[in-house]
Amino acid sequence: MFNLLNTLVENNKKYGKEGKLAAYIPALLEANPNDLGIYIVDTRGKEYFAGDYNKKFTIQSISKVVSLILAIKDNGRENVFKKVDVEPTGMGFNSIVNLEASDTGKPYNPMINAGAIMTSSLIDGKDVEERLKKILDFLKIVTNNNDIYVNENVYLSEKETGSRNRALAYFMKSTGVLDGDVEEILDLYFKQCSIELDARDLARFGVVLANDGVLPWNGRKVIPKDVCRIVKSIMVTCGMYDASGEFAVNVGIPAKSGVGGGIIATVPRQYGIGIYGPALDEKGNSIAGLKLIKDLSDELDLSIF
Amino acid sequence: MFNLLNTLVENNKKYGKEGKLAAYIPALLEANPNDLGIYIVDTRGKEYFAGDYNKKFTIQSISKVVSLILAIKDNGRENVFKKVDVEPTGMGFNSIVNLEASDTGKPYNPMINAGAIMTSSLIDGKDVEERLKKILDFLKIVTNNNDIYVNENVYLSEKETGSRNRALAYFMKSTGVLDGDVEEILDLYFKQCSIELDARDLARFGVVLANDGVLPWNGRKVIPKDVCRIVKSIMVTCGMYDASGEFAVNVGIPAKSGVGGGIIATVPRQYGIGIYGPALDEKGNSIAGLKLIKDLSDELDLSIF
Amino acid sequence: MFNLLNTLVENNKKYGKEGKLAAYIPALLEANPNDLGIYIVDTRGKEYFAGDYNKKFTIQSISKVVSLILAIKDNGRENVFKKVDVEPTGMGFNSIVNLEASDTGKPYNPMINAGAIMTSSLIDGKDVEERLKKILDFLKIVTNNNDIYVNENVYLSEKETGSRNRALAYFMKSTGVLDGDVEEILDLYFKQCSIELDARDLARFGVVLANDGVLPWNGRKVIPKDVCRIVKSIMVTCGMYDASGEFAVNVGIPAKSGVGGGIIATVPRQYGIGIYGPALDEKGNSIAGLKLIKDLSDELDLSIF
Amino acid sequence: MFNLLNTLVENNKKYGKEGKLAAYIPALLEANPNDLGIYIVDTRGKEYFAGDYNKKFTIQSISKVVSLILAIKDNGRENVFKKVDVEPTGMGFNSIVNLEASDTGKPYNPMINAGAIMTSSLIDGKDVEERLKKILDFLKIVTNNNDIYVNENVYLSEKETGSRNRALAYFMKSTGVLDGDVEEILDLYFKQCSIELDARDLARFGVVLANDGVLPWNGRKVIPKDVCRIVKSIMVTCGMYDASGEFAVNVGIPAKSGVGGGIIATVPRQYGIGIYGPALDEKGNSIAGLKLIKDLSDELDLSIF
């Protein structure tokens, strides 16, 4: 497996040149576009890796998976899906058109920004600090890593440049679907997007989902099985922005990407996969990371279809 | 299994009352809204059934799966996906908005009407008759049933009331994405939608997809494995109209529905499932059929996630 | 006045080079992009002209004014505006989005293609021939010219390349707002767009509208005053495609353009103006014609505002 | 004239019952839905009035006319129209769809909320206070009334409930079309909407526009003629929300309404008209006020068409 991963990383590293670093905040431009790394954990806890698997990056949209899980934990799935739909949409992740056009007035799904702002708002807690702590604590458990924290620099940049997210949140406030203080909700959202981790952390989180919520390293159940399934199905239909359909066809693995360059993937009953490659394609997915996971899926026959 | 199926059919029959028959053509109104049947074939060829599994109905949108497969067969997947995307859309199956809004000008995916009109147009053949014969021949093989034919009555009604489909086709013609004679393409499309079959036929077609293209009853390979996977992944992301995301979350099986009341479902490496229940919910899916397949998925733990 | 018109034509002729002939049918490409002419008639019947005022061209979208008037004549304004709204839209003249997005399901206004197809459909007559004759007869009266006819060559091209208009018409048919045989309605529409005339004809038609429906040359009342006002107000809000707002600001005269290169303008209680300049800007308006009428409006202080 | 106005007010008062007070802020619900008043000033300075012409109300969207004028004064028309288009749109005044759908990324016109937020942002001044003072000073001059002020109560409510406007502003910020501090811009916008005045004030402002920018009471020129024309033309195409087209057809007078119940109208070279009737129709226009001005236009033949 190590040999295979090394070969795949080497073969796909070159695609970094064809992508672009996320440019909307300066901090993200400091990454090295040629970096590419992968980490794999199987459901018995065995770990494999290659390339830049231990470079740190911010979780960005992959945090949408976390806030969805915690929102369901705190409110029940039924209450969450009263506030956010689970339908994919062919439009971009920060489209406002697709909020107004929806018959229900609800965000289309929890993997677009509007939907994730909604799920963040549903995490219980007396203030932003307490709710952020829940997110961090959850991540520490599923990554088996206590060193999970917010990158303050990125957070401040997110906050400063977050006009589109403010527009989305105020729009939902104006239609009555979003409850609570908008600026507080956004503060939590910007913080969760700025959490820093590496490919190993993602792989471990991924294998917990693959393993129906049970931590492979100690057998402890931390996420209900049905919640894992919901999350994996939403990853397939909506996880890779408006390239989700293509990814399902070509790769066939539940996955979620972030503009920090990370991809988390979860092969039911088999593997968790974490990938890092900060150069992005025009849809916001890691360009080399996509190639890498496609090759891996082909090699190991990982498609769920 | 027979007992289970009988129980599930009995339990879910009542939901037919909450739905409505498709009303856009008179022929479809002749169905009995209380009908409900299911047929299952496993990958070793064993068959199980309950309820109204042998009632005939028209295939309608389930034919989109067939024209997609034949279009790929005749043109290669790459050429097909130059003409139609594979991204899900949160809008209705006959929306024109989602043609105009697409950056590429292509239909969003092969499971909406515009996309299926496109794949139909890509099936080779010197005239409508020859192309229809290819569709029927294909269905005869994958259903192991020579008695597959077009319901002339339904076809004539489709043709007469097909203004929305005409609008979609002429729109694609006007943007240059659709080649060929529009009225001929539509004629084929109306005919393929009017093919009559039953739940058993769908179950057998489904198990061929589940079995990576190999007929369980004689081991013959009739669809390439990668085409089966493409089809199953598109069924998950786009198969149940704008309820596809919800279906993935709640049921987790690749499936495609039609307004004739049919559902085809395919559990990779396990089962093909055919369901018939003509009363529809407001999104156009069999209302009792959806409940039935959800219960079945729960009972047999069929979710791919 | 003759001197002024000659100067203005000379000054603005050069803009033809910056525009493009309508290219969607070959016949329109035969025009000379450098042509520019103007014809003015005042409400006492005096006529002035300069440049290529006697070149023939097809009326195209200017025929929308005629079908609106005849639809009101045959059905009453109330019945017409049950079928088509009078609200401007910021989108292109052949958008389908703006049909689907309308709450009422009606075309936004009679000056976009969908709206004009609707008003054409409302003209009474036992067949296309009889309804076309009404259009031609009306034009003969308001232009004081018996030599008004359909350019068969252009008509056949329109018919052949009319996919977008077919899409619009079938879409309206599918939503139930358009009654009658779609192909017949389109046939009339293509014919009315292909009527050939010159700038003098437009100027005379324009002065009849300016004169509240009375023919200046014989005092005969041929259009009710309130219909003239409706038409002029719709010209201001919707007459120049999606540049109508800008035209109102910069020129301030009710006007309607066509992709054949014609502009009809009508200064209430003062003038009718016909302009011909076949090179179009990207919105479909005569590029030199727009400059010419702006200069004229400035010189003679014609803005109604 | 006094008799006519009294009769028209009496005849149309009853329509107040069919409308609704603006409900989005509590302060507006204190109005009496049966109130109806009108004030007219001619270009020689003669004044006529009837009904509740001296009831105070907040200017609301009518302030959009003021910020447009001041934005042009401070930046030149060319620079303003680089930032906001002048095309009407068939959608509601606070639609976000019509921001995203615009090719230019600019608000469609200065009479929708997004456009007015833009023009407010273009008024020069070192802070909100100074810019508000310019708005108030301008209004004091054109109303010949020094008693023009912000209703603090309404302002605070606007500020508190302004989520939709915040969404619009942050959206424009995110696309780069809106410069400056969003919260400051919105503060000014909420304040200008909360300016209190009466029908007489509107009538006087209206007659200044009718009189090409010259104050009838002292002959002083306070707005350039071309700016008056721009404003009047935009009022016709966009002034009455998405009922602008219908208003042009039925009434034919440049006008702008506000949800406080006011309507300002301006008949070029003849009259300024101020109307107050706080019960609104579903598009946000004074329901009795619309009927009143239609009758007035019919009686005095005021249509500009």
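We just call them A, B, C and D in the order they show up, numbering each chain from 1.
Heads up, the rule we're going with is that a residue touches a chain if its C-beta (ideal position, glycine included) is under 8 Å from a C-beta of that chain, and two chains touch if they have at least 3 such contacts.
Fair warning: this is a prediction, and the values are worked out from it, not measured in the lab.
Put simply, the C-alpha centre of subunit A and that of subunit D have 47 angstrom between them. Averaged C-alpha coordinates put the centre of subunit A at 54 Å from the centre of subunit C. Measuring from the averaged C-alpha position of subunit C to that of subunit D gives a distance of 32 Å.
Touching two or more other chains at once are residues 97, 101 of subunit B. A ring topology is adopted by the chain contact network, closed into one cycle in which each chain touches exactly two others. Working note: touching chain pairs come out as A-B, A-D, B-C, C-D.
Interface of subunit B with subunit C (complex): residues 95-97, 99-101, 163-164, 166-171, 173-174, 182.
Those residues of subunit A whose C-beta lies close enough to touch subunit B in the complex are 85-91, 97-98, 101-102, 108-109, 228-230, 232-234, 236-238, 242-246, 248-249, 252, 254, 268, 303-305.
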